[in-house]
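Below: a set of structures, written as structure tokens.
What follows is subunit A paired twice: with subunit B in the first complex and subunit C in the second.
The block that comes next holds the complex of A and B.
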């Protein structure tokens, strides 16, 4: 299959692994920022085939996981409003907030519907003119443009019952917070592929220049990740910290200017609360002045109750790359995908759920 | 009975309209001497070891590429019987109908039940119909129960897998789950993919003829191949080792899974089986399966090992080994 099977070829993989082993001399610590990369790394067992000197750390790049409890609580409170249809991506359905989840609200009668695209939410709004349809806007630079497009479309078609609760976040400020904290010492960064398709690899230049981090943008197939690790190891060995692209079929230096124009037209930067990090200035996106009437945060006044953080949950530290999921005392004992304590065990791209699903820490 | 009509509460009342529905829609399409008696119970001749199973079907949408809820309700029960080596014989059929369901849709489902039953060589011998208020059911729900006869000398069970056995898969995985999802409200996408829903008893009979010592069989329905193999590994106290490259997956399924964030190992099938057979017989069984229309892509995908007991392991494309766990929760499409 074009663009999928070629990137899962085992002979090519073996050759790349050999070259990584030849190139790696110094110990290096690399972080994959994006949850999609974490899934590839565990699904194909990539950590197990790398030389022992290469340490991989999972980062905060899972939009569901970094959503703060206060935001989750607000989403659940919105879902419980009369005459509201809350539409959401599937990942959010089961994430526990301070008190319950969207799934539980749905079981108690709230009209929560899973959609694959905000355009489906628009359709639901058109088909239900007597209801208020709120789309839960979760995601990074990758998803935000489609949500922005849905707001433009709602404006154009005069739709009055469509709203977006924007919890969108942008990646570079979080990465900066991570680098500034000095909690995790890193040599290199596996830069997010889909985010970079929008931002361009230019977004990572400050991290290479100011923080001395070797940066390579990676795709999501096993060969992409192996190629990226090889490029990072070579940079570290040669003392370079540059931004390179191993995902040329998806990413350019400039990125997708059209998508960014739509983002800039609809959204404006705001402060956002990240689980594990707290409020990071300028790391969120909210609808700008012209689009206030579509902004659920402006239109709906709900009391979501007090925020309660789950006791013992290490999701925050996992997201900062400070502990691995297996180091959390709740992992696999109290906290499982059936009974998740924190969001990293729920989202399909959360570190804890990925470790759990692919047997991280188990005997093979 | 007007076929442009719809199901009304009165169709479940036990009165004349209910009798009309049973006689003119159901019995007419499903006719056989045992059903036509319309006694309170069907009576059938039987001797030997009996296999008995039941399942309920609530798929949404009820019509999907490659099948519908009717074909599913027959094939699911036929396959459950076949997975213990039984020859399926008689099926019961119970409907819960939502008020307002177009009769034409019910008729289409019943026709497809007849077709699947004929193909599987089973008779619908008894049934029931209830009607519930609009909103109390999603169009129509079906329950089928089935009985079959287990031939002498056949002992197929999920607890029989032994170290050294071969793991055979009858074909590509994930076709049904992705085909149904492609038509689901809010998620629809274009694909040429059709559900694999099919009755497997005919192929199973030929497999048992070629190798009466088949140890275990399962149809990897909800939860997919991963969950099915975990159940066998757990119940047989063995380890199952899979080769990722040997597992057949259609490009369309692989592509859709990439888009939705699914792993084909967890996606439902309705016309596939996995068989654990002694290694010495494995090539013969695969050859028989490949000669059958429902086993054309059959392949040996792994082997049974001693330990770690209860665990399923997968050799990946990069040459690493990882754990394949049961499906946890539902498959929910991801964000990005």
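The block that comes next holds the complex of A and C.
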């Protein structure tokens, strides 16, 4: 219990933990899909306060980590094009591709700029009419609508030098691939909170109905996660597999239908390559016909060279929940946040960097 | 990456809004949440409000977030850019 002292309202946390201990009879294995939840779980030492029968497994919900090397290589090649300004979320900057990262390309003279929002990329495009500004569209259903909105704004304002290289992915197909593979047996799923803010908790109904997974949508505070674990344990104990929402302040069953309309207006589904999973049909998003002129994949022809995977890196298996970061022989020895071998060590929500930062690898 | 933080909408002008995030003011887009009005709470992600929040619950989250120091982390990339 002392591991939740960083959280001030420890009384409520303590009560939740007690209730979880009371409720847990059978062994249960729960996966947190989202890297944001992994961070909460480790930052507040949640694994350590749960009964030994509750096993937590980290899932593939880190958009940076699941980006395939071929896509990273293409981004780096785009950044090296003359007259291009490549804009990206900071998380992508240091991720190593087959040879080098955006950071290294930047050091060698490529114009790579970190932005907080696609709105910043639009502004950079307006301020640099003689340059071509490419935004690296990365992220799940939470982020993709914001990038779709930026494309609509570019269209509306007649901006001709703004492009998006879409690496966007949607979560349910990856979760289905994970469930179908049977590699990890799960009882319950901590469903992503901010993906669900857009999709609604309805997105997880097939997993409860067809796969018998108990599903609870969680927020990102320690109390949110504890409440979610309690709800999941109760479902499993009572033999229920339903979709419930612990994160009621931010998520509804329907989600944000308006944001989904904008997403569907701009993007259409495509196949996408996921690190650790390979190509998953219909799991990606690319700009539709009307928006082809904004699609960097259509507009720019680059040769990214051969794809080389980092030797010895277990990121793929880590993302599938099959091995834990500490089981990777490179973890902490060769691979550290300063000298990352794979993306799971770079991204702030990657399992390896989370384990490294919060000491998850010290006990296994 | 999918982190979104609660913010209070101070004023709305068309599809733009001025919001307050734990004492910091910022202009955000309401393109994804057109029904939001001044006084509402929203979840903010990458410069866009992505959903509306229940106000009582939002205040609670904000308080918890301030205490847990998560707000500063979420804002860090903005200072870099």
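In the analysis below, the second predicted complex is superposed on the first by the 354 of 364 C-alpha atoms of A that agree within 3 Å, B and C clash if a C-alpha of one lies under 4 Å from a C-alpha of the other, contacts with A are read in each partner's own complex, and residues count from 1 in each chain.
Following the convention adopted for this analysis, a contact is a pair of C-beta atoms (placed from the backbone, for glycine too) under 8 Å apart; a residue touches a chain by one contact, two chains touch by 3 or more.
Because the structure is a prediction, the values reported are computed rather than measured.
K.L.:
Counting only touches as set out at the top, which of subunit B and subunit C does A:42 meet: first, second, both, neither?
P.N.:
It touches subunit B, and subunit C stays clear.
K.L.:
Given the touch rule stated above, what does A:226 touch, subunit B (first), subunit C (second), both, or neither?
P.N.:
first
K.L.:
Touching A:258, do we find subunit B (first), subunit C (second), both, or neither?
P.N.:
So A:258 only meets subunit C here.
K.L.:
Could you look at A:89 and tell me whether it touches subunit B, subunit C, both or neither (first, second, both, neither)?
P.N.:
In the superposition, A:89 contacts both subunit B and subunit C.
K.L.:
If we overlay the two complexes on their shared chain A, which of subunit B and subunit C does A:316 touch? Say first, second, both or neither.
P.N.:
neither
K.L.:
Which partner chains sit in contact with A:142 here, subunit B, subunit C, both or neither? Use first/second/both/neither.
P.N.:
both
K.L.:
Taking the superposition on A as described, I'd like to know which of subunit B and subunit C A:337 touches: first, second, both or neither.
P.N.:
Only subunit B is touched by A:337; subunit C is not.
K.L.:
Just to be sure I read the superposition right, which of the two partners does A:64 touch: subunit B = first, subunit C = second, or both, or neither?
P.N.:
Both subunit B and subunit C are touched by A:64.
K.L.:
According to the stated criteria, A:198 is in contact with first (subunit B), second (subunit C), both, or neither; which is it?
P.N.:
second
K.L.:
Do subunit B and subunit C land on any of the same subunit A residues, and which?
P.N.:
Touching subunit B in the first complex and subunit C in the second, residues 8-9, 36, 63-64, 89-91, 113-116, 120, 138-140, 142-143, 194, 222, 347-349 of subunit A appear in both lists.
K.L.:
Residues of subunit A touching subunit B in their complex?
P.N.:
On the subunit A side, the touching residues are 1, 4-5, 8-10, 13-14, 17, 36, 42-46, 48-49, 63-64, 87, 89-91, 93-94, 113-116, 120, 124, 138-140, 142-143, 194, 222, 226, 336-338, 347-349, 356-359, 362-364.
K.L.:
Where on subunit C does subunit A make contact in their complex?
P.N.:
Where subunit C meets subunit A, its residues are 1-4, 29, 31-35, 43, 45-48, 50-51, 53-54, 57-58, 60-61, 64-65, 67-68, 70, 77-78, 80-81.
K.L.:
Can you tell me which positions in subunit A touch subunit C when the two form their complex?
P.N.:
Per the touch definition, subunit A meets subunit C at residues 6-9, 34-36, 61-64, 89-91, 113-120, 138-140, 142-143, 145-146, 149, 152-153, 192-195, 197-198, 219-223, 248-251, 255-256, 258-259, 262, 347-349.
K.L.:
Going by the contact rule at the top, pick out the subunit B residues touching subunit A in the complex.
P.N.:
186-187, 189, 245, 251, 254-255, 258, 260-261, 263, 308, 311, 313, 316-325, 328-329, 332-336
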